[in-house]
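In the two complexes that follow, subunit A is the common piece, with subunit B as its partner first and subunit C second.
Our next item is the complex of A and B:
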């Protein structure tokens, strides 16, 4: 089953890379860009929110750090790609700070702390007009000079590929097992020697770096950013929802989630105009109620149950003869 | 030589003195059981040794190291393994994966951890259940899984908190038989908590009796079941019933 998942992921990436051969419309490129961007972001979130089970709703902090890093540093005369890298560093720094404080908290308190930190950054960006342009916003340089839309799209596909590779590695490493142990029961994890704080922090640093790269690509596509957009809770929740819809803590979940959610959002926007947010919200409620394990999680469950029925029933061990 | 040494250890929860000036030591090669009525402070004592709580007074030494302020994950690295009285499986992971998490203490490789976990599970006669998710297991199996996970960390001292509680007498005795073979796993001392006196009598070299957080007796199982204060505080009619 692992192999099948890997094959699906590779197929998905190949299709993504091949799309420019057939797709011509700029509009379609934008939609596809979003699909891959949020697949990558969902995968990034999944490391913390899925594998480690730490429900962050503040990932906009790292997304915004990437976008603003790119804009602010390149305005200061630094080459855009280097500026993007500095943005990633900034996000990692934020992650160390935010994680250092909020990972001391568990459950809903952790989630609230992540929201609070992202909000603080949003308000700070609104008020530090000298650096960020405040509410007026800030221009973002294009990362690519030629055929920017298509290049950014391919960059998003590449980012998804990187996020998939990292997820594949995590899901079969000791680190990944430690994250899952923390998700299942942090006290049990501690009882087998897992340094839970360090593991969670490490996952968050990786997640933040990927998220910042996504933020940079996003900013570079729109060429202009404002705090209420790249640092908003909408970004944070969309990342979480993409992963949860597809299946938090699964390898393919965020991919599936992004394909469905982003294309559905686009369709709904065209059909229902302003009402699309309402329908979007309803969809989320339905998923949470009826597919709590997400699409990939529910599918895996079904398959496993089928093979469990086929296998001989397990007999408990009898008393040992003494 | 004393592997574990508690020196006038006290732990308070608000106004409640859960553990009161407790001192004892456990030498290598010894199986010690802590007995006492519900709420006597047995689990709290284990949590103090395992680093979940830190003593308000007194200190704890393990292998000649002061461990009173150690965190639980550090305590495991020193060689203290523990089970939870109220089982705490990793529900969505398989029995094998649950046990692998213990084995990861000594290896980075999932393949090696799986190999080690498999050995432990076979020893505990759970080989057939290896690939089942922990969430569907029966209580006897969950109790064994607690032991498996702790055993896979290859501890020097293992803290078994009521691992036979809730099992039928035959299951309990079967498990006790297995636990007598723990030295094969390099375990040099066992500290257990059990209410089933048949198991305590069969396994223990030493018994420590706790009541309301205070130690009221210590000695061989035979000595303890004869001590009037101990019978009074805890064993009482139960002891007579069993006719030990």
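Our next item is the complex of A and C:
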């Protein structure tokens, strides 16, 4: 089972790396870039939202920090790659601050706090025109000089590979088990000596760094960013939905989610034009109603049931919410 | 003296704006505070209320100050059906499922309205709009805001009475206290929750109707109000209807003062900074005594 998942992931990455040999159209490259970018972002979100069960809707803060870090620091004369690194550092700094405050909260309060932080950053970026260019936007340097679109695409594939490696490590390391214990029951995890705050914060820092790298690639592809785009709640919710659609807390989930959601979004845009958000909303509603564990989660459930058909699966009683 | 009057003017304007915020916040207090449903479609519901009132005005010539009643009825029905059809099936699942579901439904509403009526900005013209009530030489209060203030005050009191003193409101609070004991006491949980959800959404619809004369109308107008509504509920203390109302007034005043001294564009950031400070320093809210 584990090995099969790993094989699928590797096959997926190889296909991604081989795509430039076949694909020629720029448009298709952009779609593929989005698929891999959001696979990486979904994987990043999954560390915090899936494995640790901390449902953040404020990851746009780190995405924006990466994009704006790249733009602002390179405008100050720093080499783009170094600027990107500084952007990642900025995102990690934000994550430490945001995590420090919001990890004390639980459930919907945590989610609301993460949204609020991202929104404060968005409004600040809109208004601090001297640094960020405000609503007018800011130019982003290209990270690659030669054949930029193709190189950025390959960078996105690489980022997905890194995110997959980290996820593979998390899903079978002690650290990962701590996170899952926190997700299932934070109080019990605390009582057996898991340092919940430190684990959650560490997961968030890793997640933020990956997200910021994604933000930098995104900015570098479009060469221009505005606050309402890279810091909007739409980015945060798209990351979450990619992971939830595929299956939060699963290894392959975000990958599957991104392939389906991003290609569906692109198709919907071409077929339905203005109605694509409506269909997108409908898709979310349907997933919540009929695939609450996501595609990978539901599949795993089915397989497990098939293999253990004699013994009825033990179902742990869900946490009683007051 | 000049400075004093401009500040006083901002505070008075803030109270007037805040009364409509309060209505939105009270609806959310019922839905999120009492019923614990994380409703990210609240602003979209309010926006639908604005469009209903707008259509009544354009189609039947109905004045928005009566049209909001139609908006409230429509929204009540929409909320009731939304709860019955979509929210109830996922009631036992995690909060995040509710967040995703209501986010998705909000998208459907917003984009649906945009498909039907386009993304253009609309505005209605009432003769009332230019009228002001002057207090002395320095202070003037805009007539439409004053009227909505009066209506919001009355309906806010009504909503408070409903939650605190009617059988239905008591039942809703009983369910909030203990979802397992309430049905044993003969409460029909589904019915009570569907009705309360409808009423909470109708409050947003009323606010939408009252906002119509003084606001531009466009499909995404409600988005900013969703987050503000959450801020009000947390500020006022979870489950406290009157707390959310007070928080609405405070938010209105703070926003107007922010606009006066720092500029309008910072108002939203100040809202969220207050929100985060309250969440981290005093999670029971400024006006609340406890978390229900």
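Just a few scattered comments:
Convention: the second predicted complex is superposed on the first by the 309 of 322 C-alpha atoms of A that agree within 3 Å, B and C clash if a C-alpha of one lies under 4 Å from a C-alpha of the other, contacts with A are read in each partner's own complex, and residues count from 1 in each chain.
Just so it is clear, a residue touches a chain if its C-beta (ideal position, glycine included) is under 8 Å from a C-beta of that chain, and two chains touch if they have at least 3 such contacts.
None of these values were measured; they are calculated from a predicted model.
Contacts of A:101 after superposition: subunit C is touched, whereas subunit B is not reached. In the superposed model, A:196 makes contact with subunit B only, not with subunit C.
In the superposition on chain A, contact of A:281 is made with subunit C only, not with subunit B.
When the shared chain is aligned, subunit B comes close enough to touch A:178, but subunit C does not.
Once the two complexes are overlaid on the shared chain, A:188 sits against subunit B while remaining clear of subunit C.
Of the two partner chains placed by the overlay, only subunit C lies in contact with A:55; subunit B stays clear of it. Once the two complexes are overlaid on the shared chain, A:26 sits clear of subunit B and of subunit C alike. For subunit A, the partner that touches more of its residues is C, with subunit B and subunit C as the two candidates. Common to the subunit B-facing and subunit C-facing surfaces of subunit A are residues 318, 322. The residues of subunit A lying in touch with subunit C in their complex are 55, 57, 101-102, 104-105, 107-109, 111-113, 115-117, 119-120, 123-124, 126-127, 237, 240-241, 244, 274-275, 277-278, 280-285, 287-289, 292, 318, 322. Residue ranges on subunit B touching subunit A, taken from their complex, read 50, 52, 71-73, 76-77, 82, 84, 88-93, 97, 100-102, 104-105, 107-110, 113, 125-126, 128-129, 132, 138, 140-141, 149-150, 152-153, 170-171, 173-174, 177-178.
Contact residues of subunit A toward subunit B in the complex are 172-174, 177-178, 180-181, 184-185, 187-196, 314-320, 322. Remark: subunit C residues 32, 38, 86, 89-90, 92-97, 99-101, 103-108, 110-112, 114-115, 178-179, 227, 230-231, 234, 263, 265-266, 268-269, 272-273, 275-276, 279-280, 283 touch subunit A in the complex.
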